[in-house]
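Labels run A, B, C, D and E following the written order; every chain starts at residue 1.
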Amino acid sequence: MTTATADEGDGRVAARPAYARLLSFPAIGALIGAIAVFVLFMAVAPPFRAIDNSGTILYQASTIGMMAVPVALLMIGGEFDLSAGVAVTTAALAASMIAWQWSLNVWVGVLLSLVLALGIGWFNGWLLQRTKLPSFLVTLGTFFILQGCNLAVTKLVAGGVTSPRITDIDGYDSAAAVFASDISIGGLHLEITLLFWLVLTVVAAVALTRLRIGNWILASGGDEASARAVGVPAARTKTGLFMFVGFCAWLLGMHTLFNFDAVQTNMGIGNEFIYIIAAVVGGCLLTGGYGSVAGASLGALIYGMTNLGITYAGWNPDWLKTFLGVMLVGATLINTFVRRQAAKR
Amino acid sequence: MTTATADEGDGRVAARPAYARLLSFPAIGALIGAIAVFVLFMAVAPPFRAIDNSGTILYQASTIGMMAVPVALLMIGGEFDLSAGVAVTTAALAASMIAWQWSLNVWVGVLLSLVLALGIGWFNGWLLQRTKLPSFLVTLGTFFILQGCNLAVTKLVAGGVTSPRITDIDGYDSAAAVFASDISIGGLHLEITLLFWLVLTVVAAVALTRLRIGNWILASGGDEASARAVGVPAARTKTGLFMFVGFCAWLLGMHTLFNFDAVQTNMGIGNEFIYIIAAVVGGCLLTGGYGSVAGASLGALIYGMTNLGITYAGWNPDWLKTFLGVMLVGATLINTFVRRQAAKR
Amino acid sequence: MSTAARRPTDGPDGGTSVTETVIRLEDVGKSYGNVRALHGINLDVRQGEVTCVLGDNGAGKSTLIKIMAGLHDYTEGRMLVHGQVTHFGSPRQALDAGIATVYQDLALAPLMSVWRNFFLGKELHGPLGMLRVAQMKQIADSELRKMGIVIPDLDRPVGALSGGQRQCVAIARAIYFGAKVIILDEPTAALGVKQSGVVLKYIVKARDAGLGVVFITHNPHHAFLVGNRFVVLKLGEVSLEAKRDHITLEQLTGEMAGGDELTALEHELRDLHP
Amino acid sequence: MSTAARRPTDGPDGGTSVTETVIRLEDVGKSYGNVRALHGINLDVRQGEVTCVLGDNGAGKSTLIKIMAGLHDYTEGRMLVHGQVTHFGSPRQALDAGIATVYQDLALAPLMSVWRNFFLGKELHGPLGMLRVAQMKQIADSELRKMGIVIPDLDRPVGALSGGQRQCVAIARAIYFGAKVIILDEPTAALGVKQSGVVLKYIVKARDAGLGVVFITHNPHHAFLVGNRFVVLKLGEVSLEAKRDHITLEQLTGEMAGGDELTALEHELRDLHP
Amino acid sequence: GCSSSGGKKATESSAAPGGKANTPSMTVALVTHSGPGDTFWDLVRKGAQAAAAKDNIKLEYSADPDGTKQASLVQAAVDKKVDGIATTLAKPDAMKGAVGNAVKAKIPVVGLNSGSDVYKNFGMIGFFGQPEKVAGQAVGDKLKSAGAKKPICIIHEQGNVGLEDRCNGVKEKVPATQIVYVNGNDLPSVQSTVTAKLQQDKAIDWIVGLNADITLNAVKAKKAAGSSAKVGTFDTNADLVKAIQGGDVEFAVDQQPWLQGYLAVDSIWLYTTNGDTVGGGMPTLTGPAFVDKSNVDAVAKFAAAGTR
């Protein structure tokens, strides 16, 4: 009769093969999904192959990715933010209108807009805690409120539905250099948003996997009651996440403002779902507690590649959405399949 | 020392006061929210008081409510359907194009369209079971695919983005009488959708609370693994719910087609969220397993009253969305507050 | 330490009446990814007998019963139900084969009311599928009362019950709906002395009614009170299998605790005591 | 039946050394809506003592400890912590006051890995909040091994552990991080004989280190092995409070089972036995 | 069963366009700010396709209502090295960069529909369309001369610059004009919102819709509300032409979308094959022209064929 005690170890565990270890990296599924989409378009769309053109794809992916990162973090923390799309426009409108209305230095507008964007995030978090409503509803409220404010305030201040021009206000050039510069390497043209995107991805990924706050985010999303019971400040963690969404919305808003010099009041509506889609395609659970930042960024890349790839391939644009739907589900299936294989090893 | 055994009953339970029993009826919160919105607009908007005008509000509420009912049932069963909005358009387009393309009797198109709508629901359910992806993603895929098909197929068949006219095809009049009739009682003008809405609400409410299938829906949404473990056919239940969404989408699609005689291919996009909003405002949990059909219908009424009430009140339309956001969150807060009070009694 | 044979004896037992084997496992094993939770399990579940499965935490008891309940499929060996090699595709199939299970992690929908949970999947209904609500409430209430549990408001969600009350709902349900085989995964763990006694009594009653019972527990006293046959699992393998006549409570306890550790502990604790 | 006084004695105990009262409950009660789960509870938790709380299912044990742990607020009476009337607003405040709790329903995030759960809320971190992952894994591993639990892959999510293994993670964590008072809600319910022994040993060690321990259990044997003071709850009220010297195991068991029911049951079962 | 009336059999297919140019094949990208399935833009696209078919051009159509994404689509066309680009400038600031890149890459670019005031600064070779505000003012004048006291102007997409400009134009001429926002993707919602507005303010005497579908819906709403307001609209389609004939709608401002698409593509062909610049450095206006009872019959035939 076996007399092995548990102390001697559990002989039932087989060593995991090296490739299984690789597969268990959470973003690997999204990576393989992204590669599949990439290979597909490389095959069918000749302009896709030109390295110079990847700047266009990366630009679109980066503007989605900059928001997909905080939205994914928030989803891992168990909450949604439906106001993420319009908050970008709010930030841009606020910066331009503050500077223009009182003829201030552009930077004053930029900084006050940051305060506003963080304030919106904080407000979302506060309302969530106070009302104990699901964040879907709370941020839906913020979404509508901001949408109305964007339109009404702009009409009041600027008299139209476009933000006033600020190109000739002091500080414009330095702000544009910070938020909307670009470089060309050979024929490859890269916008600064790519840098923002990469930095945000790395910072958020490190925070999630290697910092204490990451542990708190995972726990708050996985089981809020349990997290609170062992002393995790779940409320503050979540408010912090909403404010991070606010910060990224501000950053993207500033880029939009200084890259295009003016913004329309109805921009950004609907983008909140593209961010959520990117996060989910990248493997984040809608129910919270699981996901990866790198995955969300890859989700943004998949979305960007698919969207432009269809154009590059010259497919009938009538079917655009159909292709998009098939590709998204396809990429997610690959992602899920890979993760399941990983779990099986 | 007390020697009471449990068999003698638990002396710790106070009798619930009668009003607490009333309060524990799940839709009561939504009802009070609806009354609050109603009273507000009665106070501020004189045209709101005219009984004749309530037909307009009820019409809007009914077209939302007809879909909010199945969407709520699906949410209680733990799943989303993002394709609910475009499926309405798909049904309408299919019916008109089938009849027109082959010059068939309108009723043939209507019935084949029903088959198609049920098929879409079945497909959603099947894909969900097969891929084991979250329904958010699966139906997002269907959403995009249908959107593309609506446009591309209509262009192929009708050569434009509007469905072909079917007013002079056989059977049009009888179909219009069934799907798009209305009656006037005094000055009050009521569309048949009101009847559809009420019947759907009653049928779904009875099914949820009084039929076996309702038990299965609640269990599948509350804890699918547990439900399966005790032998509930969760997969079939969910597929059935998707098909019910398909059925209601067809019904609303038929009304739209015969009331407006033609539909555009881009109709319905975005409505899926209005349906979800109505369900959530009415007290359905996003995570499934809890909610009420009557609540969802009241949520639709709240949405309709708010949306039109703002117009009746003549408030500055620039702020429309802001008002809408504030009112929705307000109504939901009242709802939640009432339910919490009920739980405390 | 034990004198019992390592394989189940296939012939009829001496002493008890001839019983039919409902479920037979032959060299069954199951892996979760790289974890081999079970390996080489041979086991017979017979009508009119209580088979107790004991073992350390993580020994694989729950995995074993989940295979029999159709929740997981096995990856090695074969399972015979009524003599037929069977792979259950879903718990429904196991239920249809007459195997009812009370899971350790409960299988109740927390937001649903007590009576709805009680009848979940076995609703009483009249014409058109209309639920017989009053009747169902009344049955649920009386069945729970029989176990010594009074839940005053059966419309309360199960999530608001205490841990033990929830356990009782699950057990009462499985027993009420009867079956050929009842599998109970640590039913008494969360229960008080009295409720445990009631459950044990039910087990005996079920056995005497000719059902096969699989009873998983950590409590050798409970096992010894009702078991006909004892299987001890260790690290996913059978380390002891014995009939009641061939083993004493002390041997059973010793086998579970890994020898004399427990007695040593008891002495140790007594010494430590102020 | 019992000879103990119904109220705690306020003066120093004869026999044991003078101990400080950390938590004192005075006529505390708690209602959930129309359910009055607790009423008129008087209880002292002292340093260097194990207070055992026993009682039927639904008697209010978990409710009692949730009040002390800051998870629920009480609705009647008052709670003194270190002599101060206290209402905990959150579990964090209770933790800060030195009260650590192992809940019956666990408080682990199921999708998080074992080591992350072990250190949740008490992460070891270096500069900039960088987690010391290797060190944390190593500590979690060794603490779990001490309890006789070997989890080979600490990166596995807690949800994939067996019921008892999960319980051990929660207990090991509470003990490792120490506190002035440790509250354990049925820690041994899901545990095997050996693991239960280890937990009991830990309880004694914690007591001897001067901590106050509140130990909730259904098992009078376990309670009697380690308890200094026994409180039996019935229908939300204290039905017995006694010091160890004033009570025997038999009395305790009897009180819990509602008199002689248990012995009757045992006889009944024996008679039924084939 | 088969229908004895109506259906496809009863609808004449429009005549195929005539001959085809024998110039070398080229590729032209048409990038608009249309949402999917918009009737107006479908006409623009058909016009462009007609020109493309005639000029031996491969037309690549794409659209996105979001300014930055529309710019990406133009950029993608530049990346693909097409031979010409026609694009709308509804959000000129967003489009500036991408159009600049196209000009830099020596791709001829023409503007259409919106952006008449900026197209030249961007280095485009021509423009075909109707300044929205001017069209709005024209409608305003028409209302004023018809004695309108209290018109409403229905915007079916909140915050859309072009739509706001149209209503602002009306408002400049008739300051009592009120704006009503509706959800343009939901027919019942449009109808009930407009009905509600008419019920709220009985003094409303004119309704201005900004596209044909919305306007037809407003006609229904008018009937439901029992209002006697008159209806005018921007843009036409086959059903709207019938409504003008039937007297439900008084007039439509026609900016000839089919023509916009046709001219935009054709002008690129002319520029490439012959160096012509249509408009001679000035925007070519395709509107505003009014369609009303007096001239509707001339338009009706083409509307039915789907080119007006």
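Definition applied: a contact is a pair of C-beta atoms (placed from the backbone, for glycine too) under 8 Å apart; a residue touches a chain by one contact, two chains touch by 3 or more.
From a predicted model like this one, the values you see are computed outputs, not experimental measurements.
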item	value
Chain whose Cα centroid lies at the greatest distance from that of chain B	D
Most distant chain from chain C, judged by the mean position of its C-alpha atoms	E
Mean-CA-position distance for chain D and chain B (Å)	48
Distance from the mean Cα position of chain E to that of chain A, given in whole angstrom	35
Rounded Å distance between chain C and chain D, as computed from the means of their C-alpha atoms	27
Per-residue overlap in chain A, given as positions that touch at least 2 other chains	5-6, 10, 13, 16, 147, 151, 270, 285, 320-321
Set of chain E residues in contact with two or more other chains	36, 158
Where chain D touches two or more other chains at once, by residue number	34-35, 56, 58, 148-149, 152-153, 258
Interface residues, chain B side, partner chain E - complex	45, 47, 50, 52-53, 56-57, 59-60, 63, 99-106, 108, 147, 150-151, 154-155, 159-162, 164-172, 189, 193, 255-256, 259-260, 262-271, 304, 307-308, 311-314, 317-318, 320-321
Interface residues, chain B side, partner chain C - complex	5-7, 9-10, 13, 16, 24, 210-216, 218-219, 222-223, 225-233, 285, 289-290
Residues of chain D that touch chain C when the two form their complex	16, 32, 34-35, 55-59, 62, 104-105, 148-149, 152-153, 160-165, 167-168, 186, 189-197, 200-201, 204, 208, 218, 220, 225-226, 228, 253, 256-258, 261-262, 265-266, 268-269, 272-274
Chain B-facing residues of chain E, complex	1-11, 35-39, 42, 158, 178-181, 183, 185-189, 191-193, 195-197, 199-201, 213, 216-217, 220, 224-225, 237, 239, 306
Chain B residues within the chain A interface of the complex	127, 131-134, 136-138, 140-145, 147-149, 151-152, 155, 270, 277, 280-281, 285-287, 316, 318-326, 328-329, 332-333, 336
